[in-house]
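As written, the chain order gives the labels A, B, C and D, with residue 1 at the start of each chain.
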């Protein structure tokens, strides 16, 4: 199982509806993916500097319950599939074990000109 | 057909990969929905002030090509289905008629306590 | 006098306090500067692609009154001083001629390694 | 002395210039203020829910050096003055003890209608 990333909700995260703005959950999921990869020895920044940039290809996201100012939420990351050019990742976002958001994200690797390239071997983390 | 919303890309929109950050397209789609509704006589801010808040329930988004600093992109909005409690919307984002992003978004209406409520009649815009 | 940039306020701009989040005004000022320069024949994106990046050096900003969801605000830009390496700019943000925010911003030009460089002649717009 | 808040830099924080976007430092300073107050027994969210909202009145900020993708920066918070209606705060942002950004921020307390109100006694943390 993956170690969840804790995210504290500040004013910057919320909107006039009093809850976290819907686009911001995509930021938290990317933070969690980055830390997940880091825990497995893969530095997104280092790959970036070597010309291999992560790009999100598809997102399917379901918003169940909102998060609010001052709360701390948990963002889980699980790699569900790896192909030569993409990784499929599942995220669950919870607060006190209550599901707030779930999402499937597929990412690819791009070279500096924006063309897809094979995911480097050392970046391939086994699914599950 | 819907009038597209033009969005100019500034530094705030981009990331170190040199392209628009993936979460930001959700902002542009919301701007476009808001203007679409406004063109049809529905003010999101007025409904907000009367205790009817739009909340996104589901998003499925596919990123085809990136947008870059200084470009102007077009965001199209089309209502594809309306039920008593949700609206389903399709967005296409293009630049010079080249498809960059497409997405399906489902939104609901919430009361100030966060409970789903029927979409007010005057907010219901016929699909298509 | 400068042509103001109109900025419509969406959910993305607001926070749980019901008003525009304070950091976002810096985005609007940059949009306005970019359009101001564009109106004077200077493309920020083109300079960026040629290795001359604008960087903000100092900001002094005073928040007088808040902007809210659905409002349209006006962002004014005035160049007050130009040196070989910096430009000093004054911004006023108003709504219906009521002052909301005023700010002084100083920007410099950096090369791709982050070192300050002389502002290109064609970018120098006379103060006032 | 205050305990610094560590902030890791993700893609969301950066722009096409390859560095942290200038408005984002205001977010980090607010996160740090919130944690500073929390360490002193003051919950911003709780005050918010009781109708006392923090609002930034003035910011003076100087950008010395940029932060980049993958770096972790430290945000220091120091309360330098407290009046019945405002608090003046100094922030230093460093990376490996190198100064990146420094700022003076003045905040006030607003009631839900947006009018200034006295800072509650329990929120007053002695300067220094």
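Assume contacts are C-beta pairs under 8 Å (C-beta built on N, C-alpha and C of every residue); 3 or more make two chains touch, one makes a residue touch a chain.
These figures come from a predicted structure and were not determined experimentally.
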{"item": "Most widely separated chain from chain B, with each centre as the mean of CA atoms", "value": "D"}
{"item": "Centre-to-centre distance between chain B and chain A (centres being mean Cα positions), rounded to whole Å", "value": "22"}
{"item": "Computed distance of Cα centres, chain C from chain B, in Å", "value": "26"}
{"item": "Contacts with 2+ other chains: residues of chain C", "value": "11-12, 16-17, 19, 23, 27, 30, 48, 68-69"}
{"item": "Touch-based graph of the chains, sorted into line, ring, star, complete or other", "value": "complete"}
{"item": "Footprint of chain C on chain D - complex, ascending", "value": "16-17, 19, 22-24, 26-27, 30, 48, 53, 55-63, 66, 110, 114"}
{"item": "List of chain A residues in touch with chain C within their complex", "value": "11-12, 14-19, 21, 23, 68-69"}
{"item": "Chain A-facing residues of chain D, complex", "value": "8, 10-12, 27, 30-31, 34, 43-46, 48, 54, 68-71"}
